[in-house]
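Per-chain numbering from 1; labels A, B, C and D assigned in written order.
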Amino acid sequence: MAPKKLQVAAAGLGRMGHRHALNFLNRTPRAELVAAFSPDPAELQWGKQHLEPFGVTLYDNYDKMLEHQGLDAVVIGTATSVHAEEAIKAMEKNLHVLCEKPLSTSIEVCKEVVEAAKKRPHLKVMCGFSRRFDDSYRDAYNKVEQGLIGRPTIVRSQTCDKHDPSGFFVAYAAWSGGVFVDMSVHDIDLTLWFFGDDVVPKSISAHGVVAVQPGLKQHKDYDNAVGIVEFWNGKIAHYYCSRMMAHGQEDVTEIIGTEGKLSVNLNPQNSLVNYYHSGGITREVPAHYYGRFEMAFVREANEFTDACLDNTPLPMKLRNAVKAVEIGAWLQEALVTGKQIHFDETGKRIEKASL
Amino acid sequence: MAPKKLQVAAAGLGRMGHRHALNFLNRTPRAELVAAFSPDPAELQWGKQHLEPFGVTLYDNYDKMLEHQGLDAVVIGTATSVHAEEAIKAMEKNLHVLCEKPLSTSIEVCKEVVEAAKKRPHLKVMCGFSRRFDDSYRDAYNKVEQGLIGRPTIVRSQTCDKHDPSGFFVAYAAWSGGVFVDMSVHDIDLTLWFFGDDVVPKSISAHGVVAVQPGLKQHKDYDNAVGIVEFWNGKIAHYYCSRMMAHGQEDVTEIIGTEGKLSVNLNPQNSLVNYYHSGGITREVPAHYYGRFEMAFVREANEFTDACLDNTPLPMKLRNAVKAVEIGAWLQEALVTGKQIHFDETGKRIEKASL
Amino acid sequence: MAPKKLQVAAAGLGRMGHRHALNFLNRTPRAELVAAFSPDPAELQWGKQHLEPFGVTLYDNYDKMLEHQGLDAVVIGTATSVHAEEAIKAMEKNLHVLCEKPLSTSIEVCKEVVEAAKKRPHLKVMCGFSRRFDDSYRDAYNKVEQGLIGRPTIVRSQTCDKHDPSGFFVAYAAWSGGVFVDMSVHDIDLTLWFFGDDVVPKSISAHGVVAVQPGLKQHKDYDNAVGIVEFWNGKIAHYYCSRMMAHGQEDVTEIIGTEGKLSVNLNPQNSLVNYYHSGGITREVPAHYYGRFEMAFVREANEFTDACLDNTPLPMKLRNAVKAVEIGAWLQEALVTGKQIHFDETGKRIEKASL
Amino acid sequence: MAPKKLQVAAAGLGRMGHRHALNFLNRTPRAELVAAFSPDPAELQWGKQHLEPFGVTLYDNYDKMLEHQGLDAVVIGTATSVHAEEAIKAMEKNLHVLCEKPLSTSIEVCKEVVEAAKKRPHLKVMCGFSRRFDDSYRDAYNKVEQGLIGRPTIVRSQTCDKHDPSGFFVAYAAWSGGVFVDMSVHDIDLTLWFFGDDVVPKSISAHGVVAVQPGLKQHKDYDNAVGIVEFWNGKIAHYYCSRMMAHGQEDVTEIIGTEGKLSVNLNPQNSLVNYYHSGGITREVPAHYYGRFEMAFVREANEFTDACLDNTPLPMKLRNAVKAVEIGAWLQEALVTGKQIHFDETGKRIEKASL
């Protein structure tokens, strides 16, 4: 008898959602995509062409999709605003959940999801921070674990997007939570991975400018921002996020330890080709994050599937996803208010008056 | 109704064969692996564990496998000595064929396969030169096609393996056809791609040494060899092949044109990580060709499948596979005899006496 | 008649001083080293061997050296604490001055030097920020001037030293002014260069740790620190300084503009050699700043000489040297107090109460 | 008393000659440029402006310059055709000689110089192969000496010039000795350095094309050529020379040993700057060999001076300069005739009939 395959439904078939759907359809051998939902007729039309012929049932109603016979798990790639509600509903139907980041831009809502998951410890509930599934970050992490750099002390990490002059990110800023929540949350998650989940912030500073997207000002957001998070155990992370790169996606991380250092993607490249011409030697850079992290998303789908089928631990804790958003929100607050934020050794925020 | 999937059988489940089988099983959405054959009990045992549970029927007899109901295509990954016979048998059963390189180390036998394929133009018969399916080589090829480097004039290409002290390659040399046929055939195939299939060799020189595998001498083979092929239309390719690399696989190609140059993989890397330590900055290198070319094999399986299902042209001509082996064999001859080989403008070999 | 050569005296023959002396002796064709001073017998002994035979008169008294017949200029490479006094004395003797950075760790004292220089506009008085004389930084600056990156918006710059376990830097911290004044002052100077001398800070944040040199705590200094300076015209600089590198000196700068980016020394290297071995591919890194910037010091000596002899403008303003130290001192204050510092649009500091 | 400085005269003030003159004038502390000769009025005019004011006596007659009072050494940077004659004349006047490469394009003439030098063992006579004085090649050589790569087995070395469309090299080809003698002679010299001076060639093959300078055909020369030299002790060198590079000077060497590999300048760069723009990431490349090797020429002048003053051994043997030209001439012969050349184990050439 053929081994059981995980029966998966995909919620959302937009920018990220359709990629998750295709990855579970085609690149996750132990999973079977059986259902997909979108509230958007255009997305459903796409599904009719690319999913339905392969046996995927389409739904325009999320609740109905959850009733799909034999369903084991849901991958949520809808708009951030409905992530949490959909995740909780899925858990209530006893389904495993792989949710696109973030669970929510509201910490309170994030915590509700964590609470819901805690009550159902037999379910696998993961918020996908794709970089944890990237070969190069895994390689770096293993080298840290082997002690190659001594005690990790400084993380420098940046998420820098190619400039998109379409204005998309201006509209998006209205509900994205701000650049630190939307972009740097990945860098913060990596920090929690490399420094340990239990690190406690001591103080947070952030500064930003609006350089190429003046419309961002109306949403109190920035297109370039720099932030520092100091932790109580003698560690510091500093971040740079930007939507202004001319050359493409440039997501770089350095982990500096007492005895060595690791860099990840310091020299971004689109392929192994260099072009030599009268102006010098040029290499191209991926235009988007999916060009950089495509295989990480594939691995994420596969490792999530393994954990569900084999009842093994997920490679990352749901709680971290909340902590990363929380730190991102503090950075954003420090950025917008222009004021440092301080915490005591238990992580409790110290109000300014008490300083 | 679900779209038709290509029904594929895999012949051979050894080093390369089992990878083809898994790629058709798991990473080729439009294909279905339905059967697999191996004459080797250990390989069949592996198949029992990794293929049979997923609906793949196992055979210990190649001819019987060809009778598998509904079969469309065979991927041949057995020992080189049986490639040609198996390919011809498959064609006789009206099956498409994807055959590991080379078709044979004998040019005569290669040509028989080409003849057999010519008689069945409706069949897709491809000899897999994986580098043609590699993203970076595709990128380089597109840049050449766009005219970025003017007229391609010089190809420098090397296939260099990590030193394997096990002695495997000494035994292998008995029937591999020699290093130029076994290793440089990839570089020659790339040359035909970048220079055009119709290039005619003018003269061939080669020199080699036995540096780390003295046992090779008994098979008149070498562990390091350098060769030059001059073509009649003012183009030159030079090759280096080695089985002596300390650091890993290093397959580099440069295409030098009248107005620019392209390099592929000049700086090999295993991941995007650099490790900084008291001795400097180090990056690791893939240990084997599959570490470098895994995704090319996946793409090969998918493009072969597309061509079969859609009856579209294959991305490379079967005849080239013969031409690449033929040039490889001449290089090997020049290497072993220590004598240059010359050709007239029609490609006819000029015997020494007539020089 | 031979062209006039600049008659130069060197004050200080220690770590940096002896290099200045040798550069003026041997590598500055239009200058002639005629005198040298040191209060330290060991340094004088070195001078007896390396300078005296070539016609350089040695002094153990700075004032007497200033009386040396025909003297035109003094290069000051003594301890920081006497830089200012020696510079002012030299000006009083109508001598041009090239002074090692910083003029002083006290802003007040720095300003006195600037005042003294203002009164003698015919004298060339320069505080040597060597990176302004480095080929690569010059190249980057020219590209910015050509508009290649649009409007410079973000500077990221780091000065990172190889870990010196000798304890030297613990003692040194007692009077160095702290890491931001001692190390990052170079990065701040570069910022003033790339952003323009007239930029006005808006707010300053800094955080640091003591990771490998616990003795630094007694001097309220740090071995790793991160700081952000936000300027009023929509520009941001962020800095990292460290004395903990395992691999060597790593001074990196990125200048990010609205239409492109420049990096300087992102991949440090000691030579053009890569070493391929069983652990991968390794390149070495200069162990010290002089390994990275030696030729910049040579160029500095030459350009200073040219300005003196030809009465042409110096390549950098003395006032900037003060401004760089001032910003460094604010960063250090923010680091030590754990509090952000704010400024109004005229650059006047805003006290906390008024926020 | 000031230490004795080497009194040097410069012969030739053209392309290379004026650089030698300036290096001895300004960048060789232990030498003093006292005289210079050129037969060319324009070059003498340059000397009037740049040398005479600094005490250098100019001559339009080589023999007269040799009579210059107190002269110790001559640096010869005139046209190749007079190198040998001038070198021998200088030796006859008991002067040390640093001669630009090659001594001559005629092996016979080269040997006469060597003979003349043998008779005067107290004189230092060096033919300048600048790469032996380059920091990076020195670094590589030291690593080989330390045994880091085991037994050196393969050298790949290329000298590739930026395309000069002026036609200069067509005229130059009339008397340059051909590309292998003019360009690859550096790579051959490096081979002798890395493999040992006593290596005996076994066979030589070469192939070339005229791709961008059709005028070269009249001089039986090529703008791209590839050659292989096999040595009797199990070593192979292969060379590529080109005058067709779009991007600049690209002189690369790889030394491959039984246990590791070294590369020199695999990624040429003009400075440490990378420019990030909408087309990717670009670094510039030096346009000419002096951009790559300037400091090697300076070091050459200094080490030659040291050897003369201290009567210490020169860093390279004069005989090697002949051997390098000899191998270059054989490569050129193999290139032009299209025939391999063979040698017996004593290095005696084996004529074709005897094969």
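Heads up, the rule we're going with is that a contact is a pair of C-beta atoms (placed from the backbone, for glycine too) under 8 Å apart; a residue touches a chain by one contact, two chains touch by 3 or more.
Just so we're on the same page, UniProt names per chain: A, B, C, D = NAD(P)-binding protein.
Keep in mind the model is a prediction, meaning the values are calculated, not measured.
Looking at the partners of subunit B (NAD(P)-binding protein) and subunit C (NAD(P)-binding protein) together, the chains they share are A, D. Taking the options A-C, B-C or A-D in turn, the interface that duplicates B-D in more than half of its contact pairs by residue number is A-C.
Distance from the centre of subunit B (NAD(P)-binding protein) peaks at C, each centre being the average of the chain's Cα atoms.
Centroids built from CA atoms put subunit D (NAD(P)-binding protein) at 57 Å from subunit A (NAD(P)-binding protein). The geometric centre of subunit C (NAD(P)-binding protein) is 39 Å away from that of subunit D (NAD(P)-binding protein), both derived from CA atoms. Each of residues 149, 245-247, 259-261, 266-267, 270, 275-278, 284 in subunit C (NAD(P)-binding protein) touches at least two other chains. Put simply, subunit A (NAD(P)-binding protein) touches subunit B (NAD(P)-binding protein) in their complex at residues 1-3, 25-27, 29, 53-55, 135-136, 139-140, 143, 148-149, 259-266, 270-278, 284. For subunit B (NAD(P)-binding protein) in complex with subunit D (NAD(P)-binding protein), the touching residues are 149, 151, 153-154, 156, 203, 205-212, 224, 226, 228, 230, 234-236, 238, 240, 242, 244-247, 256, 258-261, 266-267, 338-340, 342, 355.
On the side of subunit A (NAD(P)-binding protein), the complex with subunit D (NAD(P)-binding protein) involves touching residues 245-248, 250, 267-268, 270, 275-285.
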